[in-house]
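Report on the structure given below.
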């Protein structure tokens, strides 16, 4: 029931919000926030309990089901979590609440906004908890709709374009997943959509089938990640989306791709993985370098952060290619968590600035450190975290990814990937220099105010977690080590 | 046998041509009748030469005649409407909706 | 055994095809209607050759008696009978000709290839009408009822459409 | 020759009889009440349809009139759909009745009921003649209904177009049927099936004409389904015809075509394509048509500015998806077709009902008129969005499940039979087109929700239309989340058709 | 005390945290707390040093498993041996001095307490770096040091030059760190541990292939190149002088830049197995040294001269360590290790002093340009004296500490003639430019009267640290007097204790060289008997080369930064234009298509947004021609397709021609006919339109 409550409390919250009077914005906001607190606390408690009671084994915990849902199609309602989903649920719970809090400045169509947001949370939670393919797919798709609306209604100037682009891109990927699911279902004997069973049986399929399914799944997930050539929806969606949605996009949605790879296609098709891992790594490295280079050229603050996501998710792909190393895979999870925290915070902060200055053009600013010291401090801190400074979570993850993948992958390739660290420093520092350092334009920005209390509340938890994971990553590592070991064994079949 | 069928095929083709090319809507209706008649000839011929038991072919043909009559009646009603709306029954009138 | 093709068939076929061609090519719609009558009348003759007397009668009654009159009325209602020369074919003429010719040739070739159709003729008695009537009352009763519904529907539809609105 | 009178077993066709009688009742009532009875005629029709539904639930499976009428699982399933379509079409027609068709309400409803009767008759037919008559009875009233706005050029145009193409394709079909009759010596599907097994009818000299016949038949039925290349009438007719008629066309006519197709091609001629003939040949032809439908429909819909036209193209595309289930030529395939149509009923009728409501209010069918509607009529817009998203196949709405089932049944067949890689391509293209489909569905949503300005309209739907919208939404949501009953119902179809499992 | 050595590192962290979260608004308390922390640390460091001395250099190690995966651990821990102890003392000493000094120097700065916070953070990082017991941890602090350096260089971030400089410093050092990181990965891959001891023992046992060892050495050295500003990554250090002078003194003279040297020294157990890596180190060191010295000859900014001097001296140390590694790998004994580490220590003191002195001067005259100074000796006696002591020390004048360390270095190069020559050359140049600086600053006529009038001696809080450091500059080297039985070389050493026998000849030579350098400077800048303008004129190209720092910045700008930015911008365009929608590809295709069809020109621009959607829409546009709106045309297409299907199936033709050909023929015929009718009907329409009118 725990997992179901995680999924359906936001849904109930959505219905509740829809029942509220349209004009009472305050009530709507607080209702949504309080509703979202429930799954957040639940996810925290879940993490804690998993840590205490279940982390030692790789078995699924809090399993619900399998209950027959659509018997004709062998669809089951089957939920469960393990060491890789728990951190994601934690992140989802946390970021949802934070984003809702950050959405308090939404002024138009408030009711719809919060309703959609809660629906979004339902989808996200579901993806991370589902163990049945159909269920997984349904949750995977459910998010698209609220996301589409959230970007399309409350987004920036090119919101419509961005929204439909996001929608189409992701749907395009999803159809590949659907085909692969169907093929898997019908080739499995007996027909099943149960992921855990399929993980056991899928490696017995014919080679061609495995390759096909793997590639199909890869395309579907890669679009979500996004892996290099599939990334172009991301800058548009991120830039046009309202702040809180960007946070969710970067913090949770992108993680779904990598999570799904780890949960589904990686352990299911070890042969295909073995054959293709080099190319996946190449894509990852291209993503790292490419994303970073493009970030350097950005003039828009948010776009910079968006492209940095491409770079950072490239790290994830690199580590996923190094599937035989527990360290690398753990690095991937660390990177997912830390990217969620850091980039989420960066988007929040960019949003804070945008709210005040109504522009995000890097060149428009300068020397803001004088006027907004706290804001600057936070921004620099998260910038540093983003470029992988030790003591912050980004470093731990990048280091683990590099060490792990260096051991098993082509060393030159990883060496090239390490360049991303310098390029990362370049775009972050360039941004910091242009926005916060240098001379301050008093006439133009004289009336900017420093970050407010509510905004601080949204950012501080992320800062604390970033530092905590960076300084003492052991709990997180313990949380997932058994699961990862099991996964690596599965992938080594 | 073959000749009947060939006759029907030719009649059908002529009717087809009429439907495809006449600009007068009533002309189209008349050509349609030709097509139905071709089918009728087929049915009756098959009934006589191939299907020895029963009169299904003839009955089918009869129903076709009836349906064709009904269609003709309705079609002419619509033609009247066309005439009222455009003061003419040229097919060129009704191609407003396209694409 | 190949059925004897009587000379009546050739005459009727000639009339049918000629009048049909005239039907689709003449400019005066009224003449077309007349040729339609001729054509359908000849088809009735073909029916008689094929031992379908009742059908022939029905053909004459329904087509020649009813449909043609309807058509002519419609023509009179819609064309002021001034024989206005309007272009009788649309821009699809050549293509249609090609399609129709290839259809005719193709269909006839296909039919001619089907040898099993050429081996016997039926021994239908001359009391076809009676048998037909019995069939209609037994085996084909339901379709018979249905077609009445259909005719009713067509009638209602035609009336509803053709009635002038008084507002 | 003796002619035993067959058992009539009229009880099995009670719903049809009732519906026909009710059509007369409706028209008589309308005539007698001097045509100024408000919406009473409409309610009366709704009532009649409901009663017919009830009767349908009461009568069991059985045969009547010898082989002429059979009430089996397929028939019942499709009859439910037809009655549903009629109910929803009538429900969404009240506004039209108030504004545009003042004088002929009785006729309109009577025609609709008769058309429904035809569809139901069609579902119960087992024989070419009754299939033909059923199709004609379905279509002929629709010809009239399409042209029912007598002073509206567009409506008349759509009527004549529908008529010409309809009559033309029915001529083609009849001509094809005549060859079928000649080849098999029977019009009874069951007997035809037997005849195919006779050696001289195997792929030999007969085969070639057979193909001709089948193509003619396919043209006739493809017209009903609006399946490319026989689809071109659909957008024009949908655009011009009164919206409830278009709605009814999109589901009812399509269902009629489907059942005819299933009966002739899938059931009746199953023998023809299974034993010696290259098995994929026939399926591939349908597959090509399905692909053409999906691609054409979805691609052409994108540029439309008129929402009815857009929905017309969308329904062409949907026909393609349905046909994919047919391609499977398997039990689950036919069940998926039924399920798809059932879900399509809710989503598409709902969408059309919404369009009708909006049109009655504003007189416009342009997509751009919907701009900013979400601000003034959030509920209406949300409902519309739900329908469109269901049509686009976004989970958890039922449309997704329908698509899933259809594709699943094809993949099932594809992976079991050798030499069927083209089926995967078909599935691939089909799924790809769903992405394109989203483009235009989302466009409407975009216009309604994202537009910065506020719409000048505030949608007020009449009660029956509200009910129709509610039924649609509930159906789409409920069967998306709990589809099992309908799936069971649809799976029952295959037991009536003669499939190898 | 050794087991509590982690406190030395944690105290500044405490101070940082306290200042940031509690004492931010109370400047006095903040700075006081910070100083107290570092002073405590100093005391503890000294204690640790004494304990190390008394325990005969027994290393102490403590660690905690930070992250553990199967076959792989990341640890956090401390490791104390004599080298660590010496470094601790050096860092805390200079750190304390700088913090005290800053009380005066930064007095009026609005971000005073933040400065102390940063300083504390820096000291935490630096001390952590020194205390680390494994490569992973040293890398962590290595990066943190980089961060604090970044923050401190950019402390006056309103200055654009400072903002640029801090970025440059961070990124340049990060390039080096990249190498370090790769070295780390190599270590991790081949040793499965980062612990110094384990790595060294594996290196010694020959488990690691020699090639890999060389690679590890070179990559780790790359980190040192970045941090210690060695060629070719030295460019950031002079720019880093944009930070407050105290920062320069602490970070860019005494401590952080020494981290690279420390790293090489720490990794000596790797280098001694790889002559190639060691030689690379040595060559880079001497090249840097010579180059920086030549640049320093002609600079006019007081801090930049010192900065280049620092680079040069660091090159010295690196070279000494490299030579040690090389010699040891060849089986020779060498004093290089001791020399390098000793010079590291002494240099920290006198260079720190020089910077603080320079800071004092700048504090007095508010300029960095030595051409605007002159005659300040009278005005700021303490500063001048201590500065000159340091200058003497760096020039290597007996018996100041610089003499001893430099002597050791020269001794190291004895077996390598080229190195020997260059080392002496650098020694000469060092003496020259340092005294050029002294003469121009403190002696002669004041060149800018206004500034001269304004100049004054700094407050005591600034001069006392100068004095303290001056004492160290004089005496610190004495620990390494060759005649001392238990001197530096028997305390800090690598492998086995190696006593360099004192070489009088060498001492005299180096002293001579140093003195001649000073003498030349005296003649040129004090006596002005040799015109430096004339010399500058004479060697104009060389002068320009030196003055423009070998054009390194320009070079990097043009071969590195500009291309990268160009690539970045290109990628961005690429991303926006090509990847996003394949527009160019599709666009090209469709333009050709459009030329043929001439129909949808207008829609190309309009629709050219998104590849897939675009194609779809264009296709839709094309397909609209199928929807002519004419019922008969619809019927025609139905008929045509029925016929097509029928004849495609027609057996005879089917077998002979095949259906694709047949279909093609049929479609071609249809199209031709269609075109023909178009042509005719167009003709008729034109003629017919007239008739229709009447």
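Order of writing sets the chain letters: A, B, C, D and E. Residues in each chain are counted from 1.
The criterion applied here is as follows: a contact is a pair of C-beta atoms (placed from the backbone, for glycine too) under 8 Å apart; a residue touches a chain by one contact, two chains touch by 3 or more.
In this text the structure is predicted, and so the values were computed from the model without any measurement.
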Following contacts chain by chain, what is the lowest number of steps it takes to reach chain D starting at chain C?
1
Highest-count interface - the chain pair sharing the most C-beta contacts:
B-C
Which whole number of Å gives the spacing of the CA centres of chain A and chain D?
43
Whole-Å distance, chain D centre to chain E centre, using C-alpha means?
72
What is the distance, in whole Å, between the centres of chain A and chain E, each centre taken as the mean of its C-alpha atoms?
32
Report the inter-chain centroid distance for chain B and chain D in whole angstrom, where each centroid is the mean of the CA atoms.
25
Quick check: what residues of chain A touch more than one other chain, meaning two or more?
168, 172
For chain E, residues contacting two or more additional chains:
612-613, 624, 627, 629-633, 635-636, 639, 642, 646, 650-651
Multi-chain contact residues (two or more partners), chain D
129, 133, 136, 140, 143-144, 147, 150-151, 159-161, 164, 168, 172, 182, 208, 212, 235-236, 303, 435, 439
Which chain pairs here would you call touching?
A-D, A-E, B-C, B-D, B-E, C-D, C-E, D-E
Okay, in this complex, where on chain A does chain D touch?
70-73, 109, 112, 134, 137-138, 141-142, 144-145, 148-149, 152-153, 159-160, 163-164, 167-168, 171-172, 175-176, 178-179, 182-183, 185-187
Can you name the residues of chain D that touch chain C in the complex?
1, 3-6, 20, 27, 64-66, 68-69, 103-104, 107-108, 110-111, 114-115, 117-118, 121, 129-130, 133-134, 136-137, 140-141, 143-145, 147-148, 150-151, 159, 182, 200, 205-206, 208-209, 212
Of chain E, residues touching chain D in the complex:
612-613, 616-617, 619-621, 623-624, 626-627, 629, 631-635, 637-639, 641-642, 645-646, 649-651
Name, in rising order, each residue of chain D that touches chain E in their complex.
160-161, 164-165, 168-169, 172, 207-208, 211-212, 215-216, 219, 223, 229-230, 232-233, 235-236, 285, 296, 298-303, 435-436, 439
Give every residue of chain B touching chain C within the complex, in rising order.
1-7, 9-18, 20-24, 26-27, 29-31, 33-34, 37, 40-41, 44-45, 47-52, 54-56, 58-59, 61-63, 65-74, 76-83, 88-92
